[in-house]
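Shared chain: chain A. Partners: chain B in the first complex, chain C in the second.
The block that comes next holds the complex of A and B.
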């Protein structure tokens, strides 16, 4: 009896003290790391020397079908990671011209090392000579040094017992940014939008091999049969979770790609997709929705024989060979300008009866409307993951046996491309309320389109000054929305009338001014507020979930009555 | 509008072959011809029905292979009419779709259900693989849009701005449905078609791309889809057994759904017969369920365009010994970047899953001393378009040649002109 109690006490103590069993803490990301997009491990820069401290670690990753797989990987020994296990290894981002130093400590039960394919003149200090590189013994160290002379996307990986250690997962991405600038991939022709930089590092694994390593059993390499396929260390649908997701503490990198349509003025630059194949097999990658322009391979720009002109090519399917890297530029050029409010030639997308169609498993990323930025009505019982009418397209291996998690399709080596409406999500009011004045004509729907239809409010008929005061209420704005901006377009019958816009701050229970125009005249004037980067206080919670209120206050000194006419009231935001 | 559309459709049906190609006859679109943008694009209306069926592969003559497939049908037919006529009679591969750049394309998909599996309520979709900028509603991925359940229809809409060679397939549980056979090629003819261009003393009026200089001009074109067949899915789906996709291990290797030597037999259409039939166990009827030939015919000196696509799950290296191949397009893109020519010559063409290639070659002069044969068009030199991997020239492990191979026959006597993609003359 006493023995049992003691043992029980030990078990309880272990559970309480073990951080791995704690709830929801994701892998630490470097400060300023984006939630979506490539995450760079900063290392330490002194002068022109860029130093990283890596340590080999064993850990488990999870697969969407509930499996755990033992992996060996490189971890970042520096804060904030402090050696926490991650798969794949940290993304090392350096600048052309730097001297890169990588210090490696090895905690695995066998010697390990790093090779840097594509880098020249890699020297090492410490360790003992291995076949491909100097190795760190178990509990030993080795340091590598090389000059990052060529910009591009590269892989770093183990050079020891490679049949086992590469399969176990010892690899990571190395990105060399050109000295020209971090918003170029290689040269002046490869400028990209730095907020749209994506890594897609693919690999495959046979869980039986990993299990054999875990239990010390033997494994026959000729019987290799891959069951899981990963992008950035995760299998779909985990690939679309944010970087550092608490659901995937040992797999910190998401693979979701987000873009907006190309626009010469507001969004002229393409996104950059850096692809790496760290697996043993070649993988055919197929992006739905658009061609990708391949600009480079293995850290070298595709050029004509003279070396002066680009030989980039467009692909809707490209096989990336084992160990290769490829760089792509992605633009989204809206040629057809589909627009539900446009002329007939822009309104040709079919609007089917959704009750005659199937939404697989009752869940969809579709918003119920074929036009970008608009949502529609889905049949009752259909759960939609769509925020504001954005579009989703899968990118996936077209060896469709790799588009699986073991035996379940729509998994594995896949991610999603998310196309946001130009400028971000947009929405219009769903209701209005008049605070001072009376309704002259129109409905809230008239605020949804810049046309000749208005929502009109009469001013008070007594008093000096005369006032119209009303607000439009938006619904369905997601918590976590960022970069919110308000656009209001309207006029006043008297002319030269001051107009103030406010937005309701829910917790403060007050209106915050966001715009003031002293002279709104009789012709429509469009006002756009400054962008509110963190608008959480303006998005209702609880009973007011998702509500945003924008108030239009118009004051005219004197005793003349007037009419305020609102043509358009629009909210734009970046969905989480 | 209705009259014009129906007459266009009638002409299209007459010019197309039952089950092989669905298209609008070249030239019947309004204002077609020439690279100048048309003021009014033609509307092409096509229809496909999705159902199950059976095909034959060597070694399985008495135990046909269960498949899913698309069948070309009349867009005006109702779902119940289609079910009564076509349910259980799928073809593999699906018909080749041939359309014109910038036209409005409407494809109505009707799900007829499965005869062999009344318990399997799978929906179907059409995914035009490689199409640029579709609304997700038209991209055919069920999880990010919609799928078509049994007995229902959906009309997909496309306006293809990029000419070239693509493929299409079902994307509902595509790991299964693609291998089960719902696959084929779709090609988009360039606006430049119809304009005469002189290249090296030869005049072309048909082109793979809007090259501006005739460099992708051809005399005859043939669409060939590469694929593999793994009996695991097919027998499993027939017998209500689960298959694990990561066990994938195909035993047959096909071009347009057939293995060699069946690849060189004629099409099954209104005028010719391949002789390939499969007894459909659900009906007892003989179905011509593999109607599409991969035979390539040419006269000496003609320029031939191969429109290739790979919807298998494996990478393939194809050779045409004796004739160098000029790869001028890939993934519906002209291999040219500004003034830089990125096309290449090769003897071994690599094509991965989900990729497309446009290959030009010139048929060599007729040589009576070279390997030859003869058929209904007379005597010819034979060249083999074949997979470099000798294991893929085997039918279910049997000694070859079989599998992923077809013939390029260069005839001594003049052939009639080709008026439709993959058209061959018996």
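The block that comes next holds the complex of A and C.
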């Protein structure tokens, strides 16, 4: 049990801002690498030659139950990694038509090599003949060259003493992008949203065999008993940490898959899921939440015999064989668009059984509300990891013994599909304050629904122009939220009424203008701001943590009093 | 229904020794009645690295029905017939006392009749052959007979020579039958009493051989190699092919509507697959050729590696 609790202690210390924070340096990611999604190691491109410098080396990974396991893996000798140990090996992304050169230096105590399954005509320079491929001796080198002729998802892995070196972890992903463009997986039928490209590389390991290597004891593969099951080198729940998380300094690749509902106008393209099984077991991978469309296996499109139309199939469970790769397109459809303000049949949607929703120790990803994009209340003592009512679905090995960390569930070969609301998270004001004018009627709740029920403010009864000036305050907006935008809908009892929207800048202690409309009138007008730059300035910290204020200033030249009626005020953001 | 007696056609049987396995070929110009006599009997094989293990296997009796003239092999003899043939297989049980055999060819529709034979008896099954790659086996003793080695490959050729099926896409230049199975010597030493919960295979075989004794597949650049996978083992087996793709044409002796290309294909336990790999030009990944191996890392003989399910296509 001491091992099991150690990691937990580290997390607490980090949260408290202890000096340990500096010790857990995250793996350096290439410039511009996303926090979520596949990360490519750049390599060096000269003309049409794409070169990578890899090093075989030993290092440790950590598991969610607090164990450390010795691995052998490939490291990137070039910046930004400079030979830092990582598991699995760097994701090598090249373009169809390039000549790929992989220089390998071997720091392991036995000869090692790389094979490139699915590539034809791999030639080698240097090294010495091995059983499956040319090998680099300990402290030696070997270079491999091949033409990246066919786009697809491939694995690269050791071809030496494989019953030991593959178990020890010598594998990585090779992605060949088509000459058609990096936003296609293969041909024109496989276009995807390049901001939603994901890799799920699955594997498994037996820590006792790794311990035998670490201690120089006898390595006997027939004694194999797998205890840890990983996606991108991490076991759940570590799989949902960001790329380059400081908590996992030698396991740089997260496996969280994030998507928004498909929309023909604003979000028409699917996500691409590249799957690789680098383990020695065949794994039944089971994505919850939607079918995935399998388009390829082993770097080859699934097509009809004439090669003219797709033979892709939709799957919610597929065994990925040892050494195989599979590619999937994923679009997530909100079939019914149910919402808590819809017709009565939708409003009656019950809460799920709370007992089914808790992950561990009273923690849940559920937001307390069954509708996408809305949060609600949860039982006392439950800690929700939910940001804004987004939904989470587990993707996992359905060999349920693999859904564990050392027999302890849930864990292991699993990640989450996170479905964000359309356009991102949205939230409504939780309070209002009138700066100039008086309350005419309605409540803050009326700003949460486009239903012709209004939050109404009387203008001042003196002065020229007459003025209403009030703000709605949002709460619970997470630090790090990006792409903030405000929607406001309302009317005024007089025509041609100029209206200015502002947002409160907490550190500058000032209102910043975000929109101006010269002529709001007696029918509802909807205004949506542009995406707000420097969003961090507008999200409160400390005592005002998570607060955002949006102000509506309405002026009307003359001495006629009027009423401002707000129907909807909505903040949209991309949660971190 | 046992209308076909062995002696009528026994003279037409020809024993052909191949690099891969003992092959029993019945070459017929047209659809014809074919009779095959087999024995299920005890024997032994030499394990890779030395040491004998007892097996139960199929063998062809020199004198049909007289199993003292048969030698058990692992796998059993490769049976080759032609599509349309009316095939009658008579299996005589010469296993140790108490082991009733049950003769099966998954995917084949037998003429109704007895399915089992007690020791000393013969079970005779008749069917009309349809092109493809099949597994034959004895399903007796709840799987223990398969684990002991009572399995083999049945190849049914179409009427067109040089093809696996009646489609041009199945044309090939070189044919290789890869019968996949495995052995736990501790089980073989005590097949009646062994606790199957502790079954742990430590020898992984292609056509009864482990690397380096596996037969290489000789094929030069441009040649089409027909790989007939027959998984007689208990494990869904993923075979990695380096340096080229194979086009998977058929599963379980039936053509796929949508053939697909693979380089790491899983052949389920009890299933067969037919794939065609065209040898590319240029040099192979190693001087040994294009490796074809068990990607689940069953490439050891006992604890000694390399070994196991590993062979090469050699240009």
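Throughout what follows, the second predicted complex is superposed on the first by the 538 of 576 C-alpha atoms of A that agree within 3 Å, B and C clash if a C-alpha of one lies under 4 Å from a C-alpha of the other, contacts with A are read in each partner's own complex, and residues count from 1 in each chain.
Note that contacts are C-beta pairs under 8 Å (C-beta built on N, C-alpha and C of every residue); 3 or more make two chains touch, one makes a residue touch a chain.
These numbers were taken from a predicted model, which means no experiment stands behind them.
Legend: residue contacts after superposition of the two complexes on their common chain; A:319 is shown touching both chain B and chain C. Once the two complexes are laid over each other on the shared chain, residue contacts for A:304 go to chain B and to chain C alike. Counting residues of chain A touched by each partner, chain B versus chain C, the larger count belongs to B. In the superposition on chain A, A:33 makes contact with neither chain B nor chain C.
Using the contact criterion defined above for the overlaid structures, shared-chain residue A:269 touches neither chain B nor chain C, since it reaches no partner. Once the two complexes are overlaid on the shared chain, A:505 sits clear of chain B and of chain C alike. In the superposition on chain A, A:161 makes contact with chain C only, while chain B stays out of contact range. Contacts of A:282 after superposition: both chain B and chain C are touched.
Shared-chain residue A:115: touches chain C; no touch with chain B. Common to the chain B and chain C contact sets on chain A are residues 282, 302, 304, 311, 319.
Those residues of chain A whose C-beta lies close enough to touch chain C in the complex are 115, 117-123, 129-134, 159, 161-164, 166-167, 218, 220-222, 280-282, 297-300, 302-305, 311, 319, 321-325. Residues of chain A that touch chain B in their complex: 225-227, 282, 284, 286, 288-291, 302, 304, 309-319, 332-336, 338, 348-350, 352, 354, 356-360, 363-366, 370-372, 391-394, 397-404, 406-407, 409-410, 416. For chain C in complex with chain A, the touching residues are 169, 200, 202, 236, 238, 240-245, 257-266, 280-283, 285-288, 291, 293, 295-297, 299-300, 302-303, 305-306.
Of all residues in chain B, those touching chain A in their complex are 104, 123, 127, 129-130, 132-139, 141-149, 152-157, 159, 161, 166, 172-176, 178-179, 242-248, 313-315, 330-333, 335, 337-340, 342, 350, 352-356.
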